[in-house]
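Two complexes are shown next, each including subunit A; its partner changes from subunit B in the first to subunit C in the second.
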Partner chain A sequence: MDVTRLLKPRKLLVPGLLFVLLIFLVTFPFYGLPVYYVVLFFTFFLFAILAMSWAMFSGPTGYMSLATAVFLGVGIYTTTILYSFVKRDILSTLPVDALQPVVTVFLIGAVAAGGLVSFIFALLIGLVTLRLKGVYFTIFTFGLIVFVMQLVLFLEIHITGTRGRSLILPGTGAPLAGTTTIYYIMLGILIATVVTAYFIRRSRLGLAMQCIGGNEEAAAHMGVDTTRVKVLSFAISAAFMGAVGAIMAPRLTYIDPGIAFNMLYSFMPVLMAVFGGMGKLYGPVIGAVIFTYLQRTLMTELPQYYMLTFGIILIICVLFLPGGLVGLIPTLRSRLGRLTVKLRKGREARQHANT
Partner chain B sequence: MPILEGRDVTKYFGGLAAVSHVDFHIDQGEIVGLIGPNGAGKTTLFNLISAALPLSSGEITFKGQRLNGLKPHQICKMGIARTFQETKVFADMPVFQNVLVGALFGSSNRISAVDATREASQALEFVGLSAMSATPVKDLTLVNQKRIELARALATKPEVLLLDELMAGLNPAEVSEAMELVKRIRDRGITIFMVEHVMKAIMGICGRIMVLHHGEKIAEGTCNEIACNKRVIEIYLGEETHAGS
Partner chain C sequence: MTETILRVLIYGLLSGGIYALISMGLNLQYGVARVLNIAHGEFIMVAAFLTYTLYIGLGINPLLSAAISGPLLFALAFAIHRTLFKSLRTRAPSQGAFEGNSLLAAFGLLFVIQSVATLIWGTHVRAYTYLNVGVDFAGTTYTANRLVAFGVALGVSAVFYFFVTRSRLGKAIRAAAQDPATAGLMGVNINQVLALGFGLGALLASLAGLLISMYNTLTTGMGLPYTVIALIVIVLGGLGSIPGSLIAGLIIGITGEIVATLWDPSLSVVVYYGIFLLLLLLRPAGILGKR
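After this line comes the complex of A and B, so read on.
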């Protein structure tokens, strides 16, 4: 009886906390805080989505992908190219005050399109490259960033004759979306990413991915269609990267291949996911939030020593936290457990002494 | 008609013929042993049957159906399961999950999670490891890891089971237990094709034995025939005798 009474509130604890967090995040832009915080928060979302979608595929399968920046860039270019059509054909016919809502609807559509284009692109890439194992796959995906960037640059110069593209509203020249709009769309993508990651972890697909990471050959001989599982999960994770890229575009306002396909966006999610720990679903999210915050704070507080401090923190984490931050939890819990046992024993001993 | 049949099965690694023009057939309900010195091509033959490697030439049929060009997961779903010489377990997963993988993905038609769980626990019970279902596989001994592989293969509901040196590295008591287990699997109607170095096991349970040497089949017959075959003694058993085993 005692056990069930103790368990029930704990079962409700996690959904309850998540619900409170969700309400906090949904109402956050209305607290009247400076815009800086809204931007900070959607930067959290951006990296949380990237780290989580990266970990969704690379965590269980053990295929370390550095293609995150490619899919992010594909999303950015999807919005940019779609916008150039919309701008010419639709927006130019609208009165100025009707622009904003139309553009917001357009952006939501662009996010879906960015996800879809990335998904299809990843399917094609996956079919070709997922035969590669280990470090060869990693090197290929790394090369892909440079290749796609150069390819887009070539197409821009020789086919479309554009070098950079700007994303601003016709007439006023204002950005396509305010920070609040970007905030909510990113929050939406984040929620979709978390929900998908949660269900994949508990699904057959998730188990199959884990088998591939455990021993790909054995997985194949146990009836797992390894190619299908790898390509599909790679594409699902890419869809979220593309979706978030699509909403990053209006924030960037000026797009060229060098900006859209930035290698940093391949490395950061890996560091964040490893830093946070991939043993738990929320590890990459925690990693992304702390990492982003740390980076921002160090950059403003210690501009001269920013990189040095950042590097030292990273090295310490890799050396002493092999399971990432979430890897600390079991250790802390057992320490806490031992402490309570000690306290209880002490109390019992005192009671015995008193009687 | 044999359940599993190979005609002119050949595999080249570069210029080397690892398996060369081998014909074989396995009948329903048999236990067939495959022996030969190291490098004879035994594991390669298993890899060809289970489609881990593509054939260079020849063909393999299962219940009359050609297996050429199929993928390992398709072979498994058709009803041919295998274990590995060097255990290939999912080390970080608990015992039960390892077996569940076989049940979930291995059978030909989509199986519900409830049924898969039931089958996995039956397979685990069959090999006698129910008590360890929550232990991570990497914490198990070699014998138990081999049993997990066996349970995992059984959970895929095979008609033919390929056992690649199930008894290697086991002590005599464990070998006897494993032999018992293999016989019980056969009694469930599963046909067994096994590579083995432990002669006691081969001679004890196999109805028929095939001998490979340098990729070629040099002899085939009952245990007695093989034990008396001059060529086999020369190239294979002879070596073993001199080695003192």
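After this line comes the complex of A and C, so read on.
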């Protein structure tokens, strides 16, 4: 085998850049920057995971899901409920110094549990609702947020007798995890999401999803088990939403149904993925980073204009940027190509004139 | 016992009439213009605040202010369709793509309208009293404003139904709903009619908003729950069916009232969804609509 072919610079460019980025992200908390930046970065991660996992299912299949907030909330409640058991039976017996490591291990377990619970929940929902076509599916998932929120609220009030629960360490009353812990766990989920999204796009499942998005009936006739593909991919995307919800819980410290099932978390990933563009894997990530940054600055500078700006950007995007930001790349590239051709021709013409 | 049942039924009908009015508007917008207008509730909210401002500021009777808020919101929606949704329609490669894009654009509208309203009217809870007198009927006292609201809602629904089924313009609207391309070939000015359908939907929303403002408190976030109810109602009643929306609206209203009386008001939405799911499992063909 020719080794030099493997070492071609163009082939190494993307993995190399990714590697550098990864190293940067892993070492980021040690740069001694203010906590604000660590929080900003894991908020990037949070929305990048949500936007990517949303685009994983809704992008290729064309089924627009607004259930993101539901799965996120399921994850949040998974941690919260698990913690109430752990707190009573295990944590109260431990010495104070041993608390933090145990809680960290617990949180990693909760992330896995949140993903699993969301996955199963999405399987059940998917089996019932993915028979719905197009807009009906969107209507259903939209109402699902209100439904689950009211149901949880009702159960909390009438069965557990609380409205909200708090997630703090016994004794000290400190939050369950520091920003650095949350940062690394979120980074781990992000990497898992990127890897899964990458492999799904190239797998049979991904191709089947694109078939369904193109023409569902034709896909069914070609032998794609459409229900299975839709339900499975819906559940896989929900698993990441649940996992990230599970680690969002300790950041929130106080949880009630209104906080856990917030509709904004359904809308934002859609907005980010559409803005960034779903034609490329990194499109939703770009959208997530830009919007999270916008959100952070607008929230502090001009809180009243924050939703207004989002609305206007969304409308402009739908009207003028059908492929999102990454959809601009081919256009720009061809313009650039034409420009260089023109320049070269001009130079040749000039040389011609000189001779 | 009979008194309680009667009371629950009447209260259910009172809410149901309003739900029916709202749902007919949304049904028209989706049935004709193919825009699943998630911002429908925002038109309700704007109309409610306009009515409030006109009544408190200028002393205009809430019912008469329909002459101002109605045309205003109709014109707004008409203009939005002629610019935003028309250009989406001409650019979209397929019907499905248009529906998806217009849904996203409607989300944008929701954010824009809601935040502009918050900039104008603030985040306070507003209310005014109008016709807040008791009317005794079958052993229970109802406030006159709710009865008037119900009556007006039914009246408007009837007028609207006859407009769509009997008038020439109504026929054009129904033709456009069935098949825009063919309707266009038959001499229907399709862009005009689609925008008209969208505008009429907003007009119905504005009337509903006016009626709601007579007996409910107002916040700029009040629109979305009404949109959710309207969505459930049109799925229950069937897409494009005006009588379906009316009946389903009343059913949802009564169901909500029964649940609120027997268990808990917060469970109403849960039960609406239960009905929705049950119907979905038992009669999926009825819900899949036109296919």
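We take it that the second predicted complex is superposed on the first by the 323 of 355 C-alpha atoms of A that agree within 3 Å, B and C clash if a C-alpha of one lies under 4 Å from a C-alpha of the other, contacts with A are read in each partner's own complex, and residues count from 1 in each chain.
Quick note on the criterion: contacts are C-beta pairs under 8 Å (C-beta built on N, C-alpha and C of every residue); 3 or more make two chains touch, one makes a residue touch a chain.
These figures come from a predicted structure and were not determined experimentally.
Judged by the touch definition given at the top, the superposed model places A:L176 against neither subunit B nor subunit C. In the superposed model, A:A249 lies in contact with neither subunit B nor subunit C. Taking subunit B and subunit C in turn and counting the residues of subunit A each one touches, the greater count comes from C.
In the superposition on chain A, A:I200 contacts neither subunit B nor subunit C.
When both complexes are overlaid on chain A, the residue A:M278 reaches neither subunit B nor subunit C. Within the superposed three-chain model, A:Q150 lies in touch with subunit C and out of touch with subunit B [touch as defined at top].
Of the two partner chains placed around the shared chain by superposition, subunit C is the only one that A:V128 touches, whereas subunit B remains out of contact. In the overlay built on the shared chain, the residue A:A220 is in contact with subunit B alone; subunit C does not reach it. Touching of subunit A by both subunit B and subunit C, each in its own complex, is seen for no residue at all.
Looking at the complex, you find that subunit A touches subunit B at residues 204, 207-208, 210-211, 214-215, 217-227.
On subunit C, the positions that touch subunit A within their shared complex are 30, 36, 38, 84, 87-88, 91, 96, 99-101, 103-105, 107-116, 118-119, 224-225, 228, 231-232, 235, 264, 266-267, 269-270, 273, 276-277, 280-281, 284, 287-289, 291.
Of all the residues in subunit A, the ones that touch subunit C in their complex are 62, 64, 128-129, 131-136, 138-140, 142-144, 146-147, 150-151, 153-154, 158, 263, 267, 270-271, 274, 304-308, 310-315, 317-319, 322. Within the complex formed with subunit A, the subunit B residues making contact are 50, 52, 71-73, 75-77, 81-82, 84, 88-93, 97, 100-102, 104-107, 152-153, 156.
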